[in-house]
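Look for chain A in each of the two complexes below; its partner is chain B in the first and chain C in the second.
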Partner chain A sequence: MSRKSAFSAGLFILGAYILVALLSSVITPYSPTALVGRPLDGPSDTHLLGTNDLGQDIFSRLLYGTRATLIIGLLGALLSVLVSTLVGTVSAYYGGGVDEVITRSVDVLMTLPSFPLLLVLTIFFAPSIFVISGLMGVLGGTQGIRIIRSQVLSLVEANFVYGAKAIGAGDLRIMTRHILPNVLPLATVKFVFAAQRYMLMGVGLGFLGLGDPSVVDWGQMISRAYYNGGFALGLWWWLIPPGIAVTLLSVALALLGYGLEEEIDPRLKRSVAI
Partner chain B sequence: MKAEYLMRRAFYSFLAFMVSLTLTFVLLHLMPGDYLHSILPYLAEKNPDAARMFREQFGLNRSISEQYLLYVVNVVRGNWGYSFLYGLPVLAVIEEKLRWTLVILFPSTVLSILIGMAVGAYSGWRNGSKTDLSVLNFMIFVGAVPSYWWAMLLILIFGFHLNLFPLGGYASIEALDVGVRISDVLRHAALPVTALTISSVPGTYYLMRNSTLQTTGEEYVLTARSKGLREMEILRHHALKNAMLPMVTVIALELAQMIMGSVFVETIFSWPGLGLLTFEALRVRDLPLLQGIFLMDTLMVIFANIAADLSYPLIDPRVKVGENV
Partner chain C sequence: MIEVEGLTRHFFSGRLGKERVEAVDEVSFNIKRGETLGLVGGSGCGKTTLGRLLLRLIEPTSGRIIFDGVDILHLKRREMRRLRPRMQMIFQDPDTSLNPRMASLESISEPLKLKGGLTRAEIEDEVSRLMEKVGLSPEHLGRRPHQLSGGQNQRVVLARVLASNPEFIVADEPLSALDVSVQAQIFGLLSEMKRDRNITFLFISHDLNIVRLMSDRVAVMDRGKIVEVGPTEEIFRHPLHPRTRELVSSASMDGQLTLMLKEGLISTVTRRPRPRMGGVCDDNPMDSKSSRLMINAGCR
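So, the complex of A and B:
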């Protein structure tokens, strides 16, 4: 598979997931939380993927689960890229004391193990998908600050920035009009990879029982199937579909990310590798 | 230069340690609901005396600032508090579990570094070839599958259907009679090690591939080639060593990543390590234990980073400690 077709495939799958998430209340045959059948029924015409131990329709839950996962992944990634781009740009543009303080703080923050910290923070704040994605965004954003900062550092010395300064453009204008467009490709790639990571983490938190209990999410579905008999009884239609749903989405985002990275090659590749 | 650098490094590490200590302390003490509340929800109502004794036993009746000062002093002295769940010193619990984590973490780290570097170097060297592209696509796929899903698939296939390996735990039930045997533990460790290795190989692979790719354009490679050396010889003796330098930091950071992966893998395989302990501590809100685990994680990241910095000059004599790499 060439890079280009990998990119298109990723985009297509992601699009399909977004469509399912938007339309899930229309296309699902049952409410995801209603008890609509006998518990632990196998796949049939009325229940495409059977029912779980409570008698809820697994297919409906699977489709609904797309929402929570996409929200965590995309919102978390958006926040983290915003944080890293904003702080990284300001830090590199102004330099001096501001840069020193930010770089040193990032040095300290980078030493904190982010996943255990996320676990602790999630149980501290009542786990809601918006809080979880916010936490992931801010925690993960600190990791990206360095990368954006180093990119902006070289841009600040570029002739077009000196030119803009000579004309008398303000700092804000230079940052938004001249520097930001050059950072954007890198930020986009970071966004896609962050979305993949956070989505997997969100499902993982659900699996560990730290997810938002009020939403239907794949992690909680997997954990329920795994611990409540789906695994021991060999009920594959209960355990496997949410796992495949996560995996396929993750693969799609990875294809999209690597495709994009290649697209903005070669300048980007170098800055990412170092 | 060197002494000054080490001092600064030590200072920042200490600062990071204090930040993580303070952060967890504040968070965990502001948290609504305590251990007693989540284990025995109505105890405080029904038997206030028992609740009071519990609070006194663990020092929860003192003021927050007093608790904080005591905690800081005690942590420095090596007393990390007592676990609510186990009733034992936190450090003792962590030490025992850490040993089990290392039983699976050490082999999988070594394996993933070896496999990732070997395949990555080959792939980067043959950059653009059919083999390279198919290996790259394969690795992207492997890396995109979450570690918990690999773990479950492994259990499902090799444990459940093929019945080759046990479904979880660290020893068979016979261990009660004959004691824990090494061969038995190894059989139990096989699947968790495989799961951890599979999920961390792609990261190493991708970076090694990139790193090797960068050396292919270097002049010493051209020189070696014009001397008439065989391709694999150039890769082994000239390119590989230079490509490995950036990998040192990555490996250090990867170790920290693996701790995260081990939470899922250990939970799924019921492997009695630090990851499963984290899961347990989270479930019952065992605050001192959680705090201790978090501090241990921080310490591991700090030491991994320092070790990476100090090993640069060993791999590349041109680099002096304290210079920016």
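So, the complex of A and C:
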């Protein structure tokens, strides 16, 4: 598959998910938390994917679950890219003592395994989806600092940055006009892959029972189906749909990231066009 | 215009940064207003570092740089920034001299925007005037560096540099990454700048023939030190330092220059009757640039 069609496909699927997340209250007739039918009903006209052990509509829960997953993934990724780009750029641009302190701190943070750390911190702070995405953003951001920093290090030595300094551009202008635009493609790709990872992490936390109990999310759905007989009784409509939803979204983000990678190098684009 | 005294820059390398490399070592020289000083030397001898030091793009370890009566190493950041437009740099590789994410229009107008006090229309006018001056057409305005050739990029660089209205330019091998025919055109533009705007140049190159055409005086650099400075012809005819001799004898009347002559692209050179074969060059004391070149050609 060419990068262009990978990008389009990824964007299309992601767009569909976002649409579902926004319109879930319009599409579904039931509230995801209301008890609307007999427990453990199979798929039917009234309940497209049946009901769970409490008699909640699984289809409604599936659609509403898109929100939590997207919020965790996208918000977490946005935060982490902001942190890594900001800190990485400042660190590499100014160098010296600032750089030394930042690099050493990142080295220390990187030795900590992030998922277990996330587990502990999530329990420590109340597990709301915003706290979870915030934690993911900050923890994940520290990992990205190195990548952005090394990119900026090579840019700082580039002739055009010396040129910008020579015409009298200030540090802020050099960073925002000359360095950031050249880091942005890399940051975008990082964002997409981070979104994918955090989304899966969010689902993982939900499955482990550490998700935000006040929202509907796919991880908690799978966990509930698993522990309350969905798996043992072979109730596939309870277990499989959230799994497929996660997988497809993950694939969509992977495609998007793959398609975006050519943006890192504008020259790659030209050679593709020819 | 420029006075340099004991300029030194160390780099540290090796394990634990214990090995000290003296990229530029106790260098002193001066350049008068309107004069072009050629700087020659082998690769890695510190030419580029010296060029960057002069504009304070990197900080020297020690030494003094006086630019137009001002000791620039003692200027505060803000004062330095205000001075910067007066001294510009042209880099060797035109493809990396421009921000790959900026179209030519943006690149050329940036110095004008920084200067401030100009309306958008005035900036656009000035940009198109500069573009015309360096031989670019309006269609190049919206292009980014990867959509332009090396020669076109170097023209954009020249336009951008001229937009700052500089008095002093460090040209760091401005021709060596270009095709021969393009070299001649850019060379023409540089000598035009020198002539029309009375710009002072430090012309860094390893191509002695180009240095000879461009410079009033030549400095020879070897392992971080300037080993010989003198008027161009003096250096070429009576090289004193062994390193200078080496460089001069290895410089040949190579294809590039001959081609420029043939195409009549060098404005400062006029054709003269070729001296008799085997004529002794040194006995023919003509000192205009044009004759110099032909004597050289006749000799080989």
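Keep in mind that, in the parts below, the second predicted complex is superposed on the first by the 261 of 274 C-alpha atoms of A that agree within 3 Å, B and C clash if a C-alpha of one lies under 4 Å from a C-alpha of the other, contacts with A are read in each partner's own complex, and residues count from 1 in each chain.
Just so it is clear, a residue touches a chain if its C-beta (ideal position, glycine included) is under 8 Å from a C-beta of that chain, and two chains touch if they have at least 3 such contacts.
Quick caveat: nothing in here was measured; it's all calculated off a predicted structure.
In the superposition on chain A, contact of A:F207 is made with chain B only, not with chain C. When the shared chain is aligned, chain C comes close enough to touch A:N182, but chain B does not. In the superposition on chain A, A:G97 makes contact with neither chain B nor chain C.
In the superposition on chain A, A:G168 contacts chain C only, with no contact to chain B. Chain A uses residues 270 to touch chain B in one structure and chain C in the other. Chain A meets chain B in the complex at residues 1, 6, 104, 107-109, 111-113, 115-117, 119-121, 123-124, 196, 200, 203-204, 207-210, 222, 226, 231, 234, 239, 243, 246-247, 250-251, 253-255, 258, 269-270, 272-274. Taken in their complex, chain A has these residues touching chain C: 158-160, 162-170, 173, 177-178, 181-182, 266-267, 270. Interface of chain B with chain A (complex): residues 12-13, 15-16, 19-20, 23-24, 27-28, 30-31, 137, 140-141, 143-146, 148-149, 152-153, 155-156, 160, 207, 210-211, 213-214, 246, 256, 259-260, 263-264, 267-268, 278-279, 282-283, 285, 290, 293-294, 297-298, 300-302, 305. Those residues of chain C that touch chain A in the shared complex are 52, 55, 57, 81-85, 87-89, 91-93, 96-102, 110-111, 114, 144, 146-147, 157, 160, 163-164.
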